[in-house]
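Heads up, there are several structures right after this.
In the two assemblies presented below, chain A is common to both, partnered first by chain B and then by chain C.
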Partner chain A sequence: MGSAELLQYVIAGLKSGAIYALVALGFTLVYGSTGVINFAQGEFFMLGGMLSVFFYQMDLPLPVAGAAGVACTALIGVAFERIALRPRRDSGPLVLIIITIGGSMVLKSLARHAFGPNEATLPEFTAGPSLDFAGAAIERQTLWVWGLTLVAVLALTWLYRKTRFGRSMQACSLSHDAARLMGIDTARVVMVSFGLAAALGALAGLAVTPLTQTSWDVGAGAGLKGFAAAILGGLGNPVAAVAGGLLLGLLESLSIAFVSSTYKDAISLVVLLLVLFFRPQGLFGRARKEKV
Partner chain B sequence: MSARASQIGVRALLTVVALVALAAPLLSGDRYLLKVLVFVGLNVIVIAGLALLFGYAGQISLGHAGFVGIGAYGSAYLVGSVGVPWLVGVAAATALAATGGLLLALPSLRLKGHYLAMATLGFNEIMYVVFREARAITGGNDGLGGIPFPEVAGFSIDTPAGVYLLVWGVTLVVVLLVANIVRGRPGRTMRALHGTEIGTLACGVDVVRLKVRVFALSAALAGLSGALYAHAVGFVSPATFSLEHSVAMVAIVVVGGTGSLAGPLLAAIGLTLLPYADALIPGLSKETVALMQDWEADIYGIAMIAVIVFAPAGIGGLLKRWRRVPGGGEAA
Partner chain C sequence: MRLTRSLVALAVLAALALPTGCAGASDTDGTDGAAGGEPYLIGAVVSLTGTYAGLGVPEKQAIELEVARVNEGGGINGRPVEVLFEDDATDAAKAQAATVRLIEEGVIAVIGATGTGQTMAMRTDLERAGIPQISMAGGSVVTAEFSEWVFQTPWPNRVVVPFVLDRMAEAGYTEIGIISDTGGYGVDGRDIILASAATPGVTIVADEAFNPGDTDMTGQLTGIRGANPDAILMWAAGKEAAIIAKNMRQLNMEQPLFGGPGIARAEFIEGAGDAGEGVKLAAGKILVPDSYGEGTEPYTVASSFIERYTEAYGTAPDIFAGHAYDAFGLLADALGRIEGEATPEAVRDALEATTGWVGVGGTFSYAPDDHNGLSADDIVLYVIDDGTWRLDQ
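Then we have the complex of A and B:
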């Protein structure tokens, strides 16, 4: 294999890796503020793509349609938390996980009723031929994927580190009770983190739609990959989630190059299981001792 | 109260199940009805194991359709292509599913939290890829046809009534077995586990070992159900073993309720019949049935959320409350 060809695989890997990173960030946000793995995260990815297509077909300009798709998905995320999760927020994680599983069933199924069973797509954000980079081709849309991921990560880091709200989120991830005693509105923090997680998932779904198309049933696959990325890096740590996403994308792409494309999805899932089994704190996480 | 009440509950349920099981094929030679009831029986087998896993061991699996698939393809391949006797094929496929369950549960149940749910989800997706791609054994996307009918001691069970009786015979045995586990020492231990895991640990119970065993048993039952399915229907294809079905089964146990066997089994019967309501209600229009099939996933999902938000104890909890009121005695 020539170096240009290898580079091509690396670019493809970093492209899907950036998408996984965005979905993984959504898992991380919700896990951080609630301690719950949100099984509906993949459906936000699906909704981002499908809603944007819906608005685009209503003759809205592409940027407006995309923004509307992401915003609507964020609202759906907030509504989902408010309607289904908040009534039981004092229950154990098992109950909350079940609610998110139910939510993913309903969102997915409603999307099929609303948008139909067919695949849908969007035009590339900026039309034009692929760019040449050291003999490898980079689609313009791939640059959009990277750019949007970068902006999302920077914005999130700023939110986390520099704003009062970000510090409230950090406090919630340590202890809800202590945060509440400090006067933090924990219910609001949870609601907003669901909204942000939904927006991140939707952004990923929107950015990737011109490249891969989308349909009502893409959520589970995207969710699983995003979760694998979050676990690979270490659940609860945003930087590790991004690193995990990129790593998973590369791994997948290189396994297509060197092993087999048939079992591409299986390979990333086997990696997920191995990490779960042998290093549940993730590659970049530190093991935490459980206290009674 | 719970030991005696659940005993009565299990008995009442068994009577109902047995009556339905015996009466239906005698009352009508309706092939469609028999086929639908075979599906109900096969689901009851899977749900009996999942009720134990969810309602007593407090774990969820999003991968049981994968175990059903292992049982189905395993037995279909062994009996259909290799040519082993039917009973051997079914037993081997069940054992294979149990082994898979053991290998999956051992590492993930050592961890705190709900890693098992995600591990099983990943497992189901991996098996789905394998079912589609391992064409030499599974026939790929086109599926595997011509699977022989069940055959015991030289007798081929090839009539709808025969298959029906076979499946429900196995179903009853499985339900009795699981009911015994719930009543016995493992069931008591698991109820203690629900109260306080640390306390149970302190009493010297090897909690992880118990959970792993329950998981392996539930995987075995799923495999058994799959093996019976393959020979009852004669054809298997990957779509039957997708993640959607695993999730639907979780919805059934959640609606059925925790700490109860009767609840999940009733939920299994009711929710499996839902898309085939026309088999029981003769006058039902085709449009209504199609509508119900189209909205099946929504109904499952909404039922699951509604139960967990408004009546967390599920059907099993309603049964218990209903039993308690006439006596007017015990509080919750």
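Then we have the complex of A and C:
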């Protein structure tokens, strides 16, 4: 295998990986502030793509349609937390997780009825032939995917480290009760993290639509890959989620190159299981020490 | 307060979930037609949700259109036709459960399913009950694994694949790379490609697969590009096919891309955009009615159906609507030929005796050892040109 060919596999892996990373960031955000895995995260990915297509077909310019799609999905995320989760917030994580599974089914069925059964697409953000990089081709949309992922992770890191709100989120991830005693409005923190998580998922769904098309049923697959990426990296840390996503994408792509395209999903899931076996906190996560 | 709030939330959720809750239930058509007497009860299992929803919805629409037309015209033998629809959600287990429900309703024949996997899941129960099945799925296995109770309307892969390979060889493409999905349709197609490539003198130099739902095939295509084939043959249905066409463009691959009826959908052209231009695919003649030959009987049949369907639903029928038209039409034709009581057994015998019935997918002649009834004469090669299908050459 030539070096250009290997590079092409790496590019393909990093492209899928960046998408997994954006979805994984959503899992991490919600887990950070609530301790709950939000299984509706994949549906936010689907809604981002489908709503943007919907606005685009109403003859809005692409940037406006995309922004409106992401904003609407964020609002749906906030509403989802407010209507479905908050009334049961004292019931413990298991109940909440099951509610998110139910919520994902509702969102998926609604999308099926609202948008119909067929796939839909958007034009590329900047049209034009692929760019040549050391003999490997990179399509322009991939650069958008990478750029958006980079912006998202930088903005999140800044939010976590430098803002009062970010510190409130960290406090919530340690203990809701203690955070509330310190005067933090925990309900608001949870609501905003759902909005942000939905926006991140929607951004990923919007960015891939020109490459892959979208339809009402893409959420489950995206959610599964994003969840695997978040677990692989380590839940609760934005940088780990991104690293997990990129690593998962690379693993899949290199499995195609060196083993078999039929078994690429199986290979990456076996690696995921091995990581969980030896490092349950994820590759880049910090083990939580419980003081008794 | 907390309690009422959660009740309200639950009620909202329940209300939102309702439309899907009903999806599994039967709905009926055609009881209020002009014809009198006890209706012929027919079952139909289609995929209205799930991966094949884009195929199953036009199928249901085509059947509804034809049922209404038959009943308004006085029914069959003076009796109306009633079709019970079931949604299998593109799930083999649900197709089987739907079949059991239909058998209990006392249907005399079942149309379905949309997909190959779902079709095969229905077989055991129908054979046991002795009820004929007309499948709208294109997998060769449907009629290659022969059952005296099962008939098929699409051109199976074992007819289409050799046709495409012949055309590729004629065009001088003797070293080809193949890419197929790991679902029923792709695996069936791949097996037949590998088995029949040698006849027209074609060599398979690369053989890659992808999973349904995959969103990026540049990895597989990089492998194919490395083998440097003359052309690429893709056996897939659904949105992955459009991704493959786009990925080829992204990798600056210049090889011609060939495919089968699985990509004969407007969504492929729309999804692949510029990358779809020049893609060649084999499918039935419904996409360009002129290919039937103007003035011939098949031309009249197809253009009448296209006209009525377009008027009713605002879009031209695709090949899947055509498969459903044929399935119901064959059944109606068989029922019309039955003298005496229309038992499921009599329907089966009448279906098998079908000779020269002109439908949209071709001219059907079933025989005791041939329950597909179509040949390579019923398919043509199209090329995608300027966002639509055009006959190749």
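Going forward, the second predicted complex is superposed on the first by the 285 of 292 C-alpha atoms of A that agree within 3 Å, B and C clash if a C-alpha of one lies under 4 Å from a C-alpha of the other, contacts with A are read in each partner's own complex, and residues count from 1 in each chain.
We take it that a residue touches a chain if its C-beta (ideal position, glycine included) is under 8 Å from a C-beta of that chain, and two chains touch if they have at least 3 such contacts.
Since we're looking at a predicted model, the values are computed, not measured.
A.B. asks: State whether A:A84 touches chain B only (first), chain C only (second), both chains, or neither.
C.D. replies: Once the two structures are laid over each other on A, A:A84 reaches both partners.
A.B. asks: A:L131 in the overlay: touching chain B, chain C, both, or neither? Say first, second, both or neither.
C.D. replies: In the superposition, A:L131 contacts neither chain B nor chain C.
A.B. asks: So, does A:L94 touch the first partner chain B, the second partner chain C, both, or neither?
C.D. replies: Only chain B is touched by A:L94; chain C is not.
A.B. asks: Kindly classify A:E139 by the partners it touches after superposition: chain B alone (first), chain C alone (second), both, or neither?
C.D. replies: So A:E139 only meets chain C here.
A.B. asks: Given the touch rule stated above, what does A:G102 touch, chain B (first), chain C (second), both, or neither?
C.D. replies: both
A.B. asks: Classify the contacts of A:A178 with the two partner chains as first (chain B alone), second (chain C alone), both, or neither.
C.D. replies: Neither: A:A178 stays clear of chain B and chain C.
A.B. asks: After lining up the shared chain so the two structures overlap, which partner does A:M1 touch, if you call chain B first and chain C second: first, second, both or neither?
C.D. replies: In the superposition, A:M1 touches chain C alone.
A.B. asks: After lining up the shared chain so the two structures overlap, which partner does A:S253 touch, if you call chain B first and chain C second: first, second, both or neither?
C.D. replies: second
A.B. asks: Mind working out whether A:L269 is in touch with chain B, chain C, both or neither, as first, second, both or neither?
C.D. replies: It touches chain B, and chain C stays clear.
A.B. asks: Using the superposition on A, tell me which residues of chain A are in contact with chain B and, in the other complex, with chain C.
C.D. replies: 84, 87-88, 102-103, 105-106, 109-110, 113, 221, 262, 265
A.B. asks: Taking the complex as given, what residues does chain A use to touch chain B?
C.D. replies: Answer in residue numbers: 37, 39, 84, 87-88, 91, 93-95, 97-99, 101-106, 108-110, 113, 220-221, 224, 227-228, 231, 262-263, 265-266, 269-270, 272-273, 276-278, 280, 290, 292.
A.B. asks: Where on chain C does chain A make contact in their complex?
C.D. replies: 2, 5-6, 9, 12-13, 16-17, 19-20, 48-51, 53-54, 56-57, 182, 208-211, 213, 215-216, 218-220, 222-223, 225-226, 238-239, 242-243, 246, 249-252, 267, 270-271, 273
A.B. asks: Name, in rising order, each residue of chain B that touches chain A in their complex.
C.D. replies: 58, 60, 62, 107-108, 111-115, 117-119, 121-123, 125-126, 129-130, 133, 198, 243, 247, 250-251, 254, 294-295, 297-298, 300-302, 304-305, 308-309, 312
A.B. asks: Touching residues of chain A toward chain C in the complex: what are they?
C.D. replies: Chain A reaches chain C through residues 1, 5, 8-9, 11-13, 15-16, 19, 83-84, 87-88, 102-103, 105-106, 109-110, 112-113, 117-121, 123, 129-130, 137, 139, 208, 211-213, 215, 217-218, 221, 252-253, 256-257, 261-262, 264-265.
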